[in-house]
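Per-chain residue numbering starts at 1, and chain names A, B, C and D are given in the order in which the chains are listed.
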Amino acid sequence: MTEQIISADIVAKHNASRQADLTRDYDALGERLSRRGIDIAAILDKVSKFNVAVPSWGVGTGGTRFARFPGQGEPRDIFDKIEDCAVISQLTRATNTVSLHIPWDKAEPNRLKQAASRFGLGFDAMNSNTFSDAAGQKQSYKFGSLTNADAGARSQAVEHNIECIEIGKAIGSKALTIWIGDGSNFPGQVNFARSFERYLDSAKEIYKALPDDWKLFTEHKMYEPAFYSTVVQDWGTNYIIAQELGAKAFCLVDLGHHAPNVNIEMIVSRLIQFKKLGGFHFNDSKYGDDDLDAGSVDPYRLFLVFNELVDAELNGAEGFDPAHMLDQSHNVTDPIESLMLSAVEVQRAYAQALLVDRKGLEGFQEDNDALMATQTLKTAYRTDVEPILAMARLNAGGAIEPVAAYREAGYRAKVAAERPAVAGGSGGIV
Amino acid sequence: MTEQIISADIVAKHNASRQADLTRDYDALGERLSRRGIDIAAILDKVSKFNVAVPSWGVGTGGTRFARFPGQGEPRDIFDKIEDCAVISQLTRATNTVSLHIPWDKAEPNRLKQAASRFGLGFDAMNSNTFSDAAGQKQSYKFGSLTNADAGARSQAVEHNIECIEIGKAIGSKALTIWIGDGSNFPGQVNFARSFERYLDSAKEIYKALPDDWKLFTEHKMYEPAFYSTVVQDWGTNYIIAQELGAKAFCLVDLGHHAPNVNIEMIVSRLIQFKKLGGFHFNDSKYGDDDLDAGSVDPYRLFLVFNELVDAELNGAEGFDPAHMLDQSHNVTDPIESLMLSAVEVQRAYAQALLVDRKGLEGFQEDNDALMATQTLKTAYRTDVEPILAMARLNAGGAIEPVAAYREAGYRAKVAAERPAVAGGSGGIV
Amino acid sequence: MTEQIISADIVAKHNASRQADLTRDYDALGERLSRRGIDIAAILDKVSKFNVAVPSWGVGTGGTRFARFPGQGEPRDIFDKIEDCAVISQLTRATNTVSLHIPWDKAEPNRLKQAASRFGLGFDAMNSNTFSDAAGQKQSYKFGSLTNADAGARSQAVEHNIECIEIGKAIGSKALTIWIGDGSNFPGQVNFARSFERYLDSAKEIYKALPDDWKLFTEHKMYEPAFYSTVVQDWGTNYIIAQELGAKAFCLVDLGHHAPNVNIEMIVSRLIQFKKLGGFHFNDSKYGDDDLDAGSVDPYRLFLVFNELVDAELNGAEGFDPAHMLDQSHNVTDPIESLMLSAVEVQRAYAQALLVDRKGLEGFQEDNDALMATQTLKTAYRTDVEPILAMARLNAGGAIEPVAAYREAGYRAKVAAERPAVAGGSGGIV
Amino acid sequence: MTEQIISADIVAKHNASRQADLTRDYDALGERLSRRGIDIAAILDKVSKFNVAVPSWGVGTGGTRFARFPGQGEPRDIFDKIEDCAVISQLTRATNTVSLHIPWDKAEPNRLKQAASRFGLGFDAMNSNTFSDAAGQKQSYKFGSLTNADAGARSQAVEHNIECIEIGKAIGSKALTIWIGDGSNFPGQVNFARSFERYLDSAKEIYKALPDDWKLFTEHKMYEPAFYSTVVQDWGTNYIIAQELGAKAFCLVDLGHHAPNVNIEMIVSRLIQFKKLGGFHFNDSKYGDDDLDAGSVDPYRLFLVFNELVDAELNGAEGFDPAHMLDQSHNVTDPIESLMLSAVEVQRAYAQALLVDRKGLEGFQEDNDALMATQTLKTAYRTDVEPILAMARLNAGGAIEPVAAYREAGYRAKVAAERPAVAGGSGGIV
C-alpha cells in the first residue's frame, strides 16, 4: 500500500472543514456549465486523470549566477527529493511521476525504484547533464559537449547519455531528454554548420542506443548559457533534429526558451501537425528563461497552449501523446509549495481548455467572426474551474487546498530539523 | 547599346576629380592587404561581379499606417520606375536587375522587356500581391488569401500567383516570390493547423505551374499586418513549406522579419546546410519590419550574414546560389539615393567577408581560441574597402561617389518637373 | 431626455430572456464573495460608476501600411461616429464620453455638443494630429512637427494644438492629448538633445494656452512611425516633459507603446507615486503597437495595471484621477462590437482588482510570503465577475450581453444601407 | 618608478618587428584624414589620454547559473587581480585604474594602495555587494537589501555601502557604484511604491555619508536576478533617484541592462542633457545582460554611444565628465586578453567618434538631409583607426598588438604554475 508522508488525519481534517463549501460551489458551477451544454462530471473525469511530472531538481532552492539563497530543510540527496515529490503528489494528486537528472540523482537503480514505489510514484523522462562538468570528469564541456571540436569530449557526452538510458531502463523510465548549452559567445567562435553536423552525429549515436519503446526528447532554447549563438536555438532546428533522427525523436517545448513576443501556441500547433511534439517543460517567463512558476505571469498563454493540446486530443491527432513536465527555479518560495501550485495551474489550463465550445469555435472561424471566436475562448478561460480541480483532489485523497494543508502539516519545519542547512551560492560571478 | 540616363560627361567629370585620390587609396590598401596575404585584384574581380536586385516599389516614397509624405518627382508607373532603377544601376554598377510587383507593375510584357533592356536591365523575381485588394477584385483578402476560409478567395489568390509566373515567363524572370499577410488578430480567430494546411494546398497549386528552371521563394515574417498570429511566421514554418513543395522551393530571408534578438546569420547557415536558402530581402531594422536602409543600423550583422554566404561560396556548397534583393521603405530620403547606398552597403559586406582569413579562422575554431576567431572576423570587417568598391564602379563606368554624382546631375529636379506630385497618405488610420 | 438608438424593446426583450439566469449567477457569486468577506453590492456600485472614453476614430475600420479592408456602414463623418459611440454607450453603459481627433472630427462646436448631448454623451480629451499632413496645410510634418528643424513648422504645430484647446473649450472637454511621431529613421538624422529642446519649447507654448482646469496629457511610444529614434520614446522622457511643463501636465500610458517584456504596471506605479499619471490608452499588443482589443492577448497584464490603480484609489493617493480611454485599431471586426467588448474588458479588470484582499496582500508582502501574495492576486483575478458587470449594465438600462443585443438589433445592416462604402487603402506601401 | 610585469625586452622586440608597417599605415591614414580636414596628431593626442577602468572581478573567469568552467592561473585574491590588471594596463596603456568590489576585494587599505601604485595604477569607483550574502552576515538579502521589508536588513545594506565609501576614501577612490538585485519574482510579491520609497530612504542614508568630492553612481537594470520586477528597472527610475538624492548623484549606464531594441544612445543623450550621466559599464549583449566583450556583437552601437559622448565633450556640456568602466563576464576566453581587446574597442569607438565632421553633420541635420547626415557618421565609423590606437600604445610604452605581445610573454602559463586551480561552479542550479 502506498505510504503517505502527510498524516491522513491532517488531510482529512483539512478537507472536512472545506467540503461543504466545495460541494456547493461545484454544484453551482455544474449548473452553469450545463446551461452551456457541458457535463461537469465528464470534465472532472478528464481532469482527474491528468498528471504532470515533477523534476527532482525542482524541490531544491534555485538561484541565479549572482547568488543562491538556500531555503530550510533542503533535500540532501535523491531520496530526500523523492520524499518531497511524494508530498506534492499526495496533496495534489496530479503529479504521479518524478523526472531525474543524471549525475545529480545517480543511485543504485533498485533503491531508486523502491524509494519511488513506496509512495506510488513512477519515473518520467531521464535528463542528462553535459552543460556542466562533473567532478572527476575526463574531458571538460567548457567548449561544448555533443558539438565539441574535440572528438573525445563528444564521445564522453554520448556515453553519458547512453548511461542515462541504461539507468532509465532499470527504473522504468521511457524517455530521455537532452538539453545542451553548446553554442558560442563570440561571432566566429564556432562554425555553425560544422557544429550542427557534430550535433546530429552525436545525437544519432545516442538514438541508436534508445530502446524501441522509448522516446528521445530534444529541447531548444534561444540563449543562455551561450550568449551569441546556441546550437539548438529554436523549434526550426529542433524539428530538423527530430526529422533527421527518426520516428522515436520528438521536440520538447519549454515555455521560457523562445525569443521575445514569439507565438508559442502556434509552434505547438506546428509540431503537433507534423507529428513531432514530444511534450513540455512547463514554467512561466517575463524576460528570458526565467523559470518562474507555471501560469504566474501570463496565465492566458498557458491556456492557449492547452487549447491546442485539447484540440489535438479531441481530434485524435495521430500519435499525439505529449509528456507534461514542470521545469522551474524556485528562488524565493518553498519549492514544494511552488510545485504544488504550478501542477494545479497546468491542470487548471487543461480544465479550462476542455470547456471551449469547439463546434461553436469552428463555426466562427469558418465565418470569419473573429470576435465571437475569441470570445469563445475567453468564455472558457474565464470560468473559475477551481471547484473541479479541488473536487478531483478530494476524490483522489488529496487536499482541497494543497498549500494550506501542507502548512498545517508542518512538513517544512520537520525536515528542516532533520536536514542540515546547505551553503549558499558562491556569489563570485558578476 | 545601353542608354545612359545620367550624362556620361557629368559622370566622367565627377570621376576625373576623384580618380587620383582613389588610385592612391586603392594602392595603399592593396599593399596592406598583401601583407595579410590577400590579392586585392582578386577581391576587386569578385566584387565587380556582385549584383543585387532593385525592387520596383522601392523607388517610390514609402510611408506608415499613420501617413505617407510624398517626395518630389515620384514615378507615375512602372516605366518611370524602370528609369529610376536605370539611374541606380548606371551609377553603382551593382544593380543590374529589377524585381516587379504585380498588379502594381502590370503592363504589356514586351513593353516591359524593351523598357528594361534599353538600359541593360533584366528582371529578377516576380512578386505577387495578395495582401491587399486590387480595384475590382472579386473576392477580398480581408480574411486571408492562400489560407482564406473561403475556397473562392484561395483560388483567386492561386490564380493571381500563376498570372505572375506567366508575366515573368514573358519577360525573362526565373523566380516567384510569395509573401502573404495571412494570419489573425485574435486568439481563436483561425485554427492554426487548418490555416497551414490550406497554405500548403494553395502553394502546391502554384508550384505545379512553376517552370522547371524557375525557383519559388517563400518569405516568412513574424507579424504585421496580422498581429496575433501569422501563417508563415518564422524560418521553421518556411523550411517545412520548402520541404513539402519540392526541389524548386526555397526560403527567402528578409532581415527585418524576425523576433527581437534572433541570430539571423545562424538561420542563414541552417538554410544553406539543408539546401533551402533561396535568397534575401536586404534592409535593416531596429524594432520590427522597419525596412530601413541596408546596413544603416547594424552593419556588423549584415557582415555576419555575408560571412556565412562567402563561407558557403568558397566551400562550393551544393546548389548554393542565393538571390540578392533589396526591400526597403524610403520614407524620409530620396529613394534613388537610399537604394544606391544600400546596394553599395550590401556589396561592402560582401567585400569585407571576402577578406576573412578562413584558414586561420578554422584553426582558431578547432583550437577553441574564441578570441582570435572573433578577431579574425573583426580584422576583415574593420578594413575600409571603399577603395575597392569605388574602383569597381569606376572600371565599370559608374561613379566613384554615386550620391554626389547623382546630385551633380540634377536628376531629381528634372523628373520633378516632368512628373506631377502624388497625393499623400490618407492619415485616417491610427 | 436621452435618445436611444437601439430600440428599448429589443433591449428589454434581450434582457428578459437572460435575467433569471443572471440573478441566479449574481446571487451565487455574492454568496461566494461573502465567504471571502466581500460585499458584492459595494463592488457593483463601484463598477457601475466606471467609465472609459471611446475614441471617435475607433469606430471606423483600421488598417496597416499594407492595406485597409473597409467594413460595412462605416461612419462618414463625426456625426455618424457619435451615433456609433452612442450605441456602444447605450448597450454597455460604461462609455459615456467620446474623445475627438482634430482635424478629422472638426465641425461647428455647437453642432458637436448637440449631437453628443442628444445621446447623453460628453467629450473626453481632445487629440491633436501633427503626425500627418492635412490637405492644404502650409508646412509639412514629413520631418517633424513640434521638433521640426524649421521654426515655421513648429509654430504651425503649436497653433494646431492651441486650436484643439479652443475647440475643446467650446464643447466641454477638459484635456488635450499630444502624441507626435517625431523622430528619425537613421543614426545622425537628428540631434537628440536639440530635438528634445525643441519639443520642450513647443510644448511650453501649448501649455501656456491651457486653461487652469485642464490637463495636458503627453504620450510616449517606443517607435513607429519613426524607426530609429522617437523623441518621446519612453516614460522616462515623458516624465521629464511633465516635470518641465508644470502641475497640469501628466503622462499618458498606452499599453502597446513599450519595449518588449517591459513591466508596464511598475511604470504605472512610478507615475502614480510621483503624481504624474495622467491616464491610459487601453488596448492590447503582442508585438508592437498592435492596437488590439483591450485584454484580448494578455488579460492578466490588464488586471495587474488595475491592481495598481485600485491600490492608489483605495489609498487615496494625492491627485490621483486617471483618465480612461480606449485606443485600438479594428481591422477584422465590427468596430462597435470590439469597442463594446473592450470597454467591458477594462471594466472587468477594474472589478477583479476591487476583489483583491489588500490587507491580506500587505501582510504577505511584509512577511516575504511571495507565494501567498501572488495567490491573493490570482484569487481575485480568477473570480468570474461577469455577473457583476452584467448586473451593472442591466440596472443602468444596458444589455446583459451587449454584442448579442447589438446583433439582434441589426444596427450594422441598417447603417450599411444608409452609409455608402468607403474605398480601401492604397496598398501602395510595402 | 613603475614596475612592469611583462619584460620590457619582450615588448620592445614585439614592437620593433611591427613599427615600420605601423608608421607606414599611420602616415597613409594621416594623409587620408588630412584630405577630410582632420589632423591625425590631434586625434592621437586625445586618444592617448583616454582611459577606461578595469573591474577587479573581470580578471577571473565568469560563468552562468548552469556552470562555471575555470581557467588556468586564476587570481587567488585582490593582489593577484591587481597584477593581472597591471598587465592589461602595461600592454594597452588605456586602463590606468582598477574598480574594486567589496567584500570580495577587502584588504588592508595601505596594502591595496601600495599594490596598485607599484604598477602605476589608481582606483576607480568602489562597488558594493548586497546582491549576495557574505559568509557570516547577520541578515540575508534573499528578499532584498536596500528595499528589504525588514529594517534590519536595510540598515545592514546601508552600513555596507558606507563601509565601501570608507575603504574608498583610504585608497583614493572618488565614487561609489550601487547596483542591487532587489525586486520580485511574482506579481504581488512586493508593493512597487513601498519598495521604491524604501530604496530612496536607504539611498539617502548612504548619500549622507558621501564626501563632497565624491560621486554616487546608481545603476539600472531591466531584470535578473529578479524576474518579474526590479526596483531600479530603467533609466526613468534611475533618473528619479539621481534627482531625489542630489547634485552628487548620477546614473550609470550598462549597455546590457536595457529592454530589447531600446535606443541606448538616446538615453545617454537625455542623461547628458539633464546633467545626470555618471558613466558607463561597457560590455556588449545580444539577448540580455550577456556581459560579452565590448563591441563584439554590435560595434556600431558602441560608436553611436561615443558619438553622443564626443558631441557633449566638444560642446563643453556643463559638468560632463563620465566615468568609463568595463563590466564583462569572460566565460570562454582568457580574461586578460578579453579585457585588453575590450579596452581597445572602447578606445576605438572614441577615436572613430572624434573623426565625425560635426559641422557638416549639423548642416545636414538642419537641412533634413537624413542620408548625408547618416553617411557623415558612417564615414567616420568606417575609418580603420587601428594605426592611431597602435601608435598611442607604442608612444606610451605599450604593445602594438597587445594580445600577441601577451602571448609572446607567456604570462598565463607562468601564473598557472604559481596559482592553483580553482574549483568550478556547483552546476546545481537549473
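By our rule, contacts are C-beta pairs under 8 Å (C-beta built on N, C-alpha and C of every residue); 3 or more make two chains touch, one makes a residue touch a chain.
Everything quoted here is computed from the prediction, not taken from an experiment.
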Legend entry - Touching both chain C and chain D (chains): A, B
Inset, instruction - Tell me which of B-C and B-D has more C-beta pairs in contact. - result: B-C
Legend entry - Chain centre separation in whole Å, for chain B relative to chain A (CA means): 43
Legend entry - Whole-Å separation of chain centres (CA-atom averages), chain B against chain D: 39
Legend entry - Of all residues in chain A, the ones touching two or more other chains: 142-143, 184-187, 189, 222-223, 228, 260-261, 263, 286-287, 293, 296-297, 300, 332-333, 368, 370-371, 374
Inset, instruction - Counting only chain pairs that touch, give me the topology of the graph as line, ring, star, complete or other. - result: complete
Inset, instruction - Please name which positions on chain C make contact with chain B in the complex. - result: 55, 57, 60, 62-69, 101, 104, 129, 131-134, 140-143, 181, 184-187, 189, 222-225, 227-228, 260, 285-288, 290-293, 296-297, 327, 329, 331-333, 424-430
Legend entry - Contacting residues of chain D [partner chain B, same complex]: 21, 25, 28, 32, 35, 260-261, 263, 286-287, 296-301, 332-334, 337-338, 341, 368, 370-372, 374-375, 378, 381-384, 386, 403
Legend entry - Complex interface listing, chain A residues touching chain B: 142-143, 149, 184-194, 196-197, 222-223, 228-230, 233-237, 239-240, 258-263, 265-267, 269-270, 272-274, 300, 304, 307-308, 311, 361-362, 364-368, 370-371, 373-374, 376-377
